[in-house]
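This structure is in structure tokens; I'll ask about it shortly.
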Amino acid sequence: MIEFAVHTRDDGIGVVTPEGRLNMVSARRLKEILSELVSGGTTRIVVDLGETTFLDSSGLGALIGGLKSARQAGGDLRIARVSPAVMTVFELTNLDRVLRARESVEGAFDD
Amino acid sequence: MTDPGPARVVTTLESRLVLSAPATPEIMDLVHAMLEHLWGTSPDISDRDRMRFEMSVIEILGNVVEHAYAADHSDIPGQDGRRFEIVVGITEENLMAHLGDNGLPTELDLSGVAMPDALAESGRGLALATAALDDLSYERVDGRNLWDLLCLRTAD
Amino acid sequence: MTDPGPARVVTTLESRLVLSAPATPEIMDLVHAMLEHLWGTSPDISDRDRMRFEMSVIEILGNVVEHAYAADHSDIPGQDGRRFEIVVGITEENLMAHLGDNGLPTELDLSGVAMPDALAESGRGLALATAALDDLSYERVDGRNLWDLLCLRTAD
Amino acid sequence: MIEFAVHTRDDGIGVVTPEGRLNMVSARRLKEILSELVSGGTTRIVVDLGETTFLDSSGLGALIGGLKSARQAGGDLRIARVSPAVMTVFELTNLDRVLRARESVEGAFDD
């Protein structure tokens, strides 16, 4: 069971908040949401993982897919508010370097 | 192919939970619910141990659902359908899972599993599970694939 | 004691879900989750049918947890613990459940179950289940209690 | 999984809202909540079943227990916003006559 909260901020940055578990079933929906944002012109995206209780390789794949298409369109994808448990999954795959976790959604594009 | 792993003992644990069900993507949520029940019975397991165990179970089961039936014909009426069984359990030292499915045998070499390129969008499941687990074993017995998963519990 | 009820066929259904677990009050939530998964696979079942089936399953299982082990000593180390198995499944016509437990036999006469006084605070479980179900059967086989529950599906 | 929202209105009526499933485990908590309300002087109680997705005989038992102690203390217990599925359980036990379902929480003590 998962819900996705999606909104675009005044500064044009899209914020996607997966609430629940990012697994095989929900990763497909995340992939769609991210590619719709990018093709709709929102190329700077923050994925707020603060409400994400579980992550697996399909969730990682959806994030990497979104990162690539955002960058191809001249933007970027960043992740924020990653819990220690979810961080474990990024560390095990060495993706903590490609997708560096930011503390807050607000400041995710500050650097 | 290997011998049964040390986690096989979970199938004899008095406190084990066992689920047998059709191998569909939708069943994942019920396996998550099963693990949530397990965490409720042992509240002292660290978040990190829970995550690496739950993620590995879901990766291995996800592979069964996605890959183990790719080329077979078990959905022909009259033949046994695509089903799996999962056994999970906890002891003072271990988190253990045993998975059995009636899919096709696989020639996977678990010792040769490597993490793909950073920008790959798939192919990370087995690498993630082998990195997260303390033991992962596979064997084919009597027309079934058997997977045994072990996490040694660590302090938080 | 009766013969196996018509719902016993659920144990051979290809789409069945099977859970085996310790008989504790906390396991109820996992059984609810199992039924929720089942409703997801057949979205056309009426709310009324879902409720009478789910309520009956929970009543019968609740009785197993509360009453079937009251006087036994199965928690002596070395003896098999208190465990149950539940099988649930749906066909075009039926909602079916089969429960098995290793508790004590019961001399319950299901045909004599009556609703207690309106202001009674307990004793309504079996009456509720027999009123809600289209068939409820009990038998004792090989040291196990076996319960079979059947709801005929109705239009909403 | 269940949550209970409990509050006492300005007119002294207590409102208890079980959110989720009322089964063996949660009925114990409902029983406690109801008897604490009554012993604390709140003898008129509405149980708002609008968020209750499941009910069994233990839930019914807790409601009847609350009804009896509320009446003994000179008050009453009423139920409101019962879904058709939950109503089935009251009908099967003939308790729909002892605990008549009211449409709204606000109007539950109007008659």
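Each chain gets a letter, A, B, C and D, in the order it is written, and its residues are counted from 1.
Going forward, a contact is a pair of C-beta atoms (placed from the backbone, for glycine too) under 8 Å apart; a residue touches a chain by one contact, two chains touch by 3 or more.
Everything numeric in this text was worked out from a predicted model, so none of it was measured.
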Euclidean distance of C-alpha centroids - subunit A vs subunit B, Å: 26
Take the average of all CA coordinates in subunit B, do the same for subunit D, and state the distance between these two points in whole angstrom. 43
So subunit C residues touching two or more other chains come to 26, 29
Classify the inter-chain contact topology: is it line, ring, star, complete, or other? line
Give the pairs of chains that touch; include all such pairs. A-B, B-C, C-D
For subunit D, which residues are in contact with subunit C within the complex? 1, 21, 23-25, 54-58, 60-62, 64-65, 67-68, 83-86, 88-89, 92-95, 97-98
Report the residues of subunit B in contact with subunit A in the complex, numbered from low to high. 25-26, 28-29, 32, 47-48, 50-52, 54-55, 58-59, 62, 65-66, 115, 118-122, 124-125, 127-128, 131-132
State the interface residues of subunit C toward subunit B in the complex, per the touch definition above. 14-22, 26-27, 29-30, 33-34, 37, 40-41, 80-81, 83
